[in-house]
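The chains carry the letters A, B and C, assigned in the order they are written, with residues numbered from 1 in each.
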Amino acid sequence: MQGSLVGVQGNIQRRQFWSAVFAIAGLLVLLVAIIVLLALILQLAIQGVPRLSWAFLTSFPSSNAEQAGILSALVGTGLVMLVTAFAAIPVGIASGIYLEEYARKNWIASLIEINVTNLAGVPSIVYGLLAMGLFKYAFQLGESVLTAGLTLALLILPVVIVTTREALRSVPSGLREAAYALGASKWQMVWDHILPYASGSILTGIIIGLSRAIGETAPLITIGALTFISFLPPSPFKSDFPFLSFDWLRSPFTVMPIQMFNWVSRPEPEFQLNAAAAGVILVALTLLMNGLAIYLRYRFRKGVKW
Amino acid sequence: MAVKSVLSRVALASAIVTATTGVFASGAGSQQAIVKIDGSSTVFPVTEKVAEDFQKSPAAKGAKVTLGISGTGGGFRKFCNGETDISNASRPILEKEMKACAEKGIKYVEIPIAYDALTVVIHPQNNWAETMTVAQLKTIWEPAAQGKITRWNQVNPSWPNAPLALFGAGADSGTFDYFTEAIVGKAKQSRSDFTGSEDDNVLVQGVSRNRNALGFFGLAYYEANKGRLKAVKIVNPKTGQAVAPSNKTVIDGSYLPLSRPIFIYVKADSMKRPEVKAFAEFYIKNGAKAADAVKYVPLPASDYAKAMERFQKGQLGTAFGGKEEIGIKIADTWNRKLVD
Amino acid sequence: MFYRDVWVVCLTMVDQPLVISAKSSFYQKKRHRDLRQRLIETLLFLAALSSVLTTIAIMVLLVTESLPLFQKVSIVEFLTGREWAPLFDPPRYGILPLVCGTFVTSMVALCVAIPMGTIAAIYLSEFAAPKLREVAKPILEVLAGIPTVVYGYFALLFVTPVLQILYNPLGEKLSEWLPDLFPYELDGFNMLGPGIVMGIMITPTISSISEDAMRAVPVELREGSYATGATRFQTAWKVVFPAAISGIIASYILGISRAVGETMIVAVAAGLQPTLTLNPLRPAATITTYIVQVSLGDTPHGTIGYQTIFAAGLTLVLLTLFFNVIGYFLSRRFRETY
């Protein structure tokens, strides 16, 4: 008996040791990730921050590097992301809910599941080529903010669907059964009981999806995003009835990554500074967008306890 | 639960916005006068400068210009589909594209606007290959050289026994087509084991960091990086003289065969619109200034005058018959018959 | 009023064998609720249809545009040829070099992303204090949002030089020993740099989604494990990780898909020359970089050269489909439900 007590203590110490080792490994990994992020941002910032100024943010592109600015690109990115979010989020979540809660679990459902994850791997430029034929020509939406938003929405739809499904899957079925026991209908069960618990994880998927969309270049060039445009889409607010206009959806545009890519390819070294400054702004935009979603997720999660 | 109410409000808002978007999205586009241009990324810098100056000038009367960079091929596709008013092109329109335009009834005026000098570059410390002949370049770049010609002294025994590091434009670019046609004799015939890139700045990086490197790209990229590169003097096959690329040598035609003209194509129907007409005329008038500003080689003044004449007379079609041509002086092409 | 009552009677008569009182509001409510349910279900179904329609549209596009190419080039040559040079003269149409390029860059990326992402996820979910978790997770997610163009130039201008500094002293000796495997010095363009950077970009995808999956495991399982005297690591690895395996594998699949479909990072930093090699120290082109290069280049549209991009895209989609099917069956085997 005593021998086995020593043995047990040794066993415990050994296991605690490995646990501590893993904790250090985990911390190291996080550190590496943070260091890389800092290196990236620092490298951009050192070149780009000196170039940042109000003029840079409010000027249009120009062949003179000192006068060039990102106004049209900034507005374009904002508008396109708005359309992408409004298109991808409802459709993605609705798809996920249907596929997880409503669809019968037969071979068709398996097919659709494989199909969705496959779509996540299609290169973004193929979405661009598809959107060109579909949105630009077939639906006659032209080379506009609407086309761009829909293209990017298609691109990130698989991510949103997969994360929604996983989020719904992770809710214990006890909750579902309890809801049914109270006489809830399927939709009531999903809307009132499941979704609130799953919303945090769903938001994660949305964050990751939108982050990807904001940095995309190739598919947007294919559907006709411009590289030089020195005017803004028409404002959504009008002075006479109905006070809201959607003309901006049909307007030509450009986006930040395209502007950056164009500047980075120019021979003059001053343009490299512009590109770095644009990169800093783009990262800041992503941070802002992520920040909003992360805050929402935090608020949702606070109210949830298993 | 707070979550539920936030979610339901967001859902309601999304639904309303989506519905109204659907209703209103079928509305008309911008009312502004816009000149739509797309095409080659090589010609882009010149057109951008012209567009910028045009928009500031009184000739524009508030018209705006938009520019895309879908590439020469993509630009022609849109052009022959009627979507753009002007197409930037780093090569003449090819047969297949001419057919596509003819099918849709698109007619155009071809306007050469500048020269791009393809510059062969080496590392500044490379003091052995400062002058090269076309034959030597061919030995290095032809398809038969793949895997075999890997050291400098294989091309010329007096050169050092050092590995050859090759950099050049990607196989899809007009630069590549032109270089291979001029040096190897047929477009797209080349060894494939070199480092290619879309971004000429990356090639600049590659050559400037490697003593044994050899690369080619547009003059503008050499001019902007003169401190870290050396331009090779090419022996003119006709005169036997070694010529360095510069504005002067391109214009007087002595830098052969690596100078190529770049063009804009203006849609005939669009020319009826005042803003397009004003822009094209502004372009021809200010082309020299713009080309100079972005380090391309301007045409001689006489060529611009001829271009203006061609434009104002509305002479449609191309002088190149749907094919690329090497070592051409634009001045020699004005009397050719234009083909549609 | 009268007509409504009659209508309700008719409905109930059709539905129920018993004759219920016509003014029964309970059955009215049930009717309305059922109708709403049907409507909602239909709407959700239409949304789900979108992904199916997208796939069909993509396949139709890729197949119809590559057919003319396959009339000129045999499929055997396409799949087994060892040189990809369709825009050269004479054109060579073997897709293996592009497939190898995609394979190697993705493998490098996954060798970085899967370990890093999984360790980070386990650490954040099981070990880290809640405050640290709330801070670290968003920071990781920012990594996913950096534009790929920025990553590409980071790989080219920062990571590759660092790798060169690390490799070149070793490279001289290694290249004497095994000259085919180890180049004399690391090329400015290679697959290792962009592969590593891609891995870092994908890490948040894997870590965030895995961590969500692990957090969702009911706390009773953990408590049971601790009650038997397991350490944190043992609980995490032997209890929570397997319980969350469905979500974790889903995150791996999304990560793999992202790696395979990534374009700009590799386009900028790996060189664009298709090379048939499994050696990450050499430059190469992937299927995606080839597609981008040609579709935005000067090749006239509608030519054979242009159509090769659709053939390449089709190959990629079919390859990923194959791996996704395997992944799906694997994940189904290991899934646990509560």
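Heads up, the rule we're going with is that contacts are C-beta pairs under 8 Å (C-beta built on N, C-alpha and C of every residue); 3 or more make two chains touch, one makes a residue touch a chain.
As the structure is a computational prediction, the values presented were derived from the model and not from experiment.
**Q** Compared with chain C, which chain's mean CA position is the farthest off?
**A** So the chain farthest away from chain C turns out to be B.
**Q** So using the touch definition from the top, which pair is joined by more C-beta contacts, A-B or B-C?
**A** A-B
**Q** Roughly how many whole angstrom separate the Cα centroids of chain A and chain C?
**A** 14
**Q** Roughly how many whole angstrom separate the Cα centroids of chain B and chain C?
**A** About 36 Å, centre to centre.
**Q** Which residues belonging to chain B are in contact with no fewer than two other chains?
**A** Answer for chain B, listing residues that touch two or more other chains: 69-70, 198-199.
**Q** Hey, what residues on chain A touch two or more of the other chains?
**A** Within chain A, residues 90, 221-222, 264 contact more than one other chain.
**Q** Which chain C residues sit where two or more other chains touch them?
**A** Touching at least two other chains: 295-296.
**Q** Okay, in this complex, where on chain A does chain B touch?
**A** 61-64, 86-87, 89-90, 141-144, 146, 191-192, 195-196, 199, 221-222, 224-231, 233-234, 244-247, 249-252, 262, 264-269, 272, 299-300, 303
**Q** In their complex, what parts of chain C are in touch with chain A?
**A** 33-34, 36-37, 40-41, 43-45, 47-48, 50-52, 54-55, 57-58, 61-62, 115-116, 119-120, 122-124, 127-128, 134, 136-151, 153-154, 158, 200, 203-205, 208-209, 212-213, 216-219, 229-234, 236, 244, 246-247, 250, 253-254, 256-258, 260-264, 287-288, 291-292, 295-296, 310, 313, 316-317, 320-321, 324-325, 327-328, 337-338
**Q** Which of the residues in chain B come into contact with chain C in the complex?
**A** 40, 69-74, 76-77, 90-91, 94, 96-97, 100, 143, 163, 170-174, 177, 186-190, 192-199, 202, 205-206, 209-210
**Q** If you look only at chain A, which of its residues touch chain C in the complex?
**A** Spelled out, the residues of chain A in touch with chain C are 12, 15-16, 18-19, 22-23, 25-27, 29-30, 32-34, 36-37, 39-40, 43-44, 90-92, 94-95, 97-99, 102-103, 110, 112-130, 133-134, 154, 157-159, 161-163, 165-167, 169-174, 185-187, 200-201, 204-205, 207-208, 210-212, 214-218, 221-222, 256-257, 260-261, 264, 279, 282-283, 286-287, 289-291, 294, 298, 306.
**Q** Sort out for me which residues of chain B touch chain A in the complex.
**A** 1-4, 7-8, 11, 14-15, 17-18, 20-21, 24-25, 27-30, 32, 34, 36, 38, 41, 44-45, 48-49, 51-52, 55, 64-70, 78, 83, 198-201, 204, 220-221, 223-225, 293-295
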